[in-house]
Amino acid sequence: MLVYIIRRLMQAVLVMVVMSALVFAGIYLIGDPVAMMISPDASDVERDAVRAALGLDQPMWRQYLVFVNAAVHGDFGKSFLAGQPAMGLIFERLPATLELAFASLVISLALGLPMGVYAGLRPKSIGAKTIMTGSILGFSLPNFWVGLMLIMTFAVLLPDLLPWWPRLPASGRGATVDLLGLKLSLFTADGWRHLLLPAITLSLYKGALIVRLARATAREVLPMDYVKFARAKGLSESRIVGVHVLKNIMIPIATVSGLEFGQTVAFAVVTETVFSWPGVGKLLIDSILLLDRPVVVAYLVVIVFFFVALNLAVDLLYSVLDPRVRLESRAS
Amino acid sequence: MTDAALEPALPPPPQTPFRRVISDFCESKLALFGLFLVAIALFIALFAPLISPQNPFDIAGLDLLDAKSPPGSVSGDGKMTYWLGTDGQARDMMSAIFYGMRISLFVGFTSVVAALIIGIVVGLVAAYAGGRIDALLMRIVDIMLSFPAILVALILLSLLGKGIDKVLVALILVQWAYFGRAARSAALVERNKEYVEAAACLALPAYRIVFRHILPNCLPSLIVIATITLARAIALEATLSFLGVGVPVTQPSLGMLISNGFEFLMSGSYWISFFPGIALAIAIVGINLAGDHLRDVLNPRNLR
Amino acid sequence: MRATLSVKNLRTHFFTKEGVAKAVDGVDFDVAPGEILGLVGESGSGKTVTGFSILGLIDPPGRIVEGSSIRLNGEELTTAKAERLRSIRGAEIAMIFQDPMMTLNPVLRVDTQMIETVQAHLEVSRADALARSRAALVQVGIASPDERLRAYPHQFSGGMRQRVAIAIALLHRPKLIVADEPTTALDVTIQGQILFEAQRLCRESGTAMIWVTHDLAVVAGLADRIAVMYAGRIVEMGRTADVIERPMHPYTKGLIGSVPSQNTRGHRLAQIPGMTPSLLKLPAGCTFKARCPIAIGTCATMPALEEHRPGHWARCWRVAT
């Protein structure tokens, strides 16, 4: 088991190195960050001075080596624009993104799971058909479109038409509370007001997937012999669904949720832009548009690491939920 | 003279698989509705220049005083009605949407077709060659698939810059892996079937076996994937354009139109984003509704 | 003495797109307390569906058709409310399935699955339920029950799993146990043990049992009475000795003749030609007619189940008394 973890981590490091090299080379080849930072009237002398100060006058391979050397020590360079260490910027904004992703995960599970199970239990009912059609819409409509519609409805139209309807904020993050050195807005009411629309937007895609998966698995599980046997034992329907069926459904749901979490963080880029949510996603977009290379590279490194860790966590979670897997690995 | 009523009725001609697919498909009203939406979108895209009241790219024809007019208002010179309003540059929204639909569908469709071709070639080669080539190709496919499409596209476009051709490249790169994987799976299933052995016994050259025999049998599942991927491609392009890294301002797709209108959302001119949004939804939802049912109908188990 | 189970004119039909499959089409039998009835037939004969019908576990598109009666100690089950049926299942009627790997939920522990059975019918604490489960495991001859309770089903052998299933069936000392081919998936030695245990339990506690099987040899040594089913109907029923030694129906004779034994060594095994008819397209008249070596003209009409000898019934026109 330990060997497996170590091997995975080493693979991750390899991927990170390759990725960073690729991006480094790519961004180097196009665009001149210096042009972005100083006024167009600056003389060549001034331009060269800035370039030298940032180490941009060195040949590419040397710049890359400098970068790697610093990276190993945890220093990913300073953001060209903000002057702050790039990694520091990322970590500053990370809690906001994680908060958003987490809230959307909770929403997608809390709504998606019951709806999917219901659709599996009564597949021919009108409710089930509505849910399934809704799920198609859920994963096909683009993220930003949904965000836009939600803003229009809940932040503009409804409050305009119905004076008593609370106006939900369309941008920004709410008041934060310090917890273990992290600023989290999950624990304030104002935080939730700001979190609600973006979290719902982000949860739609995954929620739709969960609904479909829960329904498919429920339909697979219900005709199984052990469900019939549970009925033959005289168990109540709620126990059968709530324990026997659900425990079997949780395995694929947990796997998919875990793997999709990475996608969620990626899609957060869009949601954060729509709602001006101060997370790493928005930071990435801004950095890309402004050619702030250190930040982009730092972001990628964090993301790759995050993905690898996530995959590993999902594998471990799977073995916890499915005792057949756990015991086999112990035997081998 | 024979009495028609006395003649035994001939049994109805057996349904060809194609006909059965069509009739199964038509059983779902929802799928037909989806198809109807797709037809509308296609019609708009194909005939945009003919049905647009205005050419939104012709700056000379715009009257800035008409900018941000609400839907239904009439132009300053009384010549045309802005059914869907105008945007910040006084462009007629309806015309802009028609042209935008054209670009959105074009980019989506082209990228899917290209990715399909590349994916099919890669997948079939991998399946038929087997061994190390297969392992290598699938490794590449796996790596591509493990990254979220949007991030890859973002990074790529930040490297390549703006332009429709660059967007196409990014979309193709992000999508071919799906088709590669699907084509390989389908080909592997077919490869083990007897007709391939029979063709090999006839000493047909490999490429002929692959393309004339195996490929047609892989098509149903590939068609389904292509349909769903098309919707995703359109959505992805719209997202990228919305973020500002997609199509250039001179050739606005629906995503870019939505992005343009975003700043006006809170100040009341909602229609600049709203109507392009509806148009986009029509295209995407239509494709998905039809494609979802198509998938059920083309399920290999049902075809046999 | 009143019969524990009394089934009259049971008809369970499946209403599918292709037509109506009459899985069970007019079945009558009684089971007395402490008695073991062997329900024998090939696949497609309707024996499993009969078992499920008794427990009310027929899923759509199947259902028990009007006119059927199933009485447990006098109480009519076909018209009972869902909640009443639920409380009967597992407590007054218990069922043992064929494949214990599929009947125990693989992701739940054995004690969980036993405790929930206890608590579904009795208001007891978890500790009490656990004690009861433990006692049931001991009763079926499982050594080190505490270890077994904490384990998962896939960690057991087939025979052990089936013993657990039997233990679960016994938790509430039911009046009737329906066992659906419980030893088919096990090897012969284990089979023998389980048969012995089952017989002992019925004698000791007065539990009635219906043992559904396709294997005549199994019930020959176990059951008090045998009912032979074919295409949804009972074609012969009587005391075990009578049915085995003096069978009346040609199908029963065919079944007995096709079982290899000392007497048949060296001879070609007798076979019943043909196949069971599809339940969707049952032939008119006697359903066995097409495969019967002694079919005659009158077989174009379905014979009724008649008591040709005392306590020994058969559905055939050509029974020689």
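Assorted remarks:
Lettered A, B and C in written order, each chain numbered from 1.
Simple rule for what comes next: contacts are C-beta pairs under 8 Å (C-beta built on N, C-alpha and C of every residue); 3 or more make two chains touch, one makes a residue touch a chain.
Treat the numbers as computed from the prediction; the structure is a model and nothing was measured.
Shown here, the protein chains touch in a chain-like sequence that does not close on itself. Looking at A-B alongside A-C, one finds more C-beta pairs in contact between the chains of A-B. Greatest Cα centroid separation from chain B: this falls to C. Mean C-alpha positions place chain A and chain C at a centre distance of 55 Å. Rounded to whole angstrom units, the spacing between the C-alpha centres of chain A and chain B is 26.
Within chain A, not a single residue touches two or more of the remaining chains.
With touch defined as above, chain B holds no residue shared between interfaces to two or more other chains.
Looking at the complex, you find that chain A touches chain C at residues 223-226, 228-236, 239, 243-244, 247-248, 251, 321-324, 327. Residues 30, 146-148, 150-151, 154-155, 158-161, 231-232, 235-236, 238-239, 242-245, 255, 258, 262, 265-266, 268, 270, 273-274, 277, 280-281, 284-285, 287-289, 292 of chain B are the ones touching chain A in the complex. Against chain A, the residues of chain C that register as touching in their complex are 55, 57, 59, 86-91, 94-95, 97, 99, 102-108, 116-117, 120-121, 152, 154-155, 168. Of all the residues in chain A, the ones that touch chain B in their complex are 23, 26-27, 29-30, 133, 136-137, 140-145, 148-149, 151-152, 155-157, 170, 262-263, 266-267, 269-270, 273-274, 284-285, 288-289, 291, 296, 300, 303, 307.
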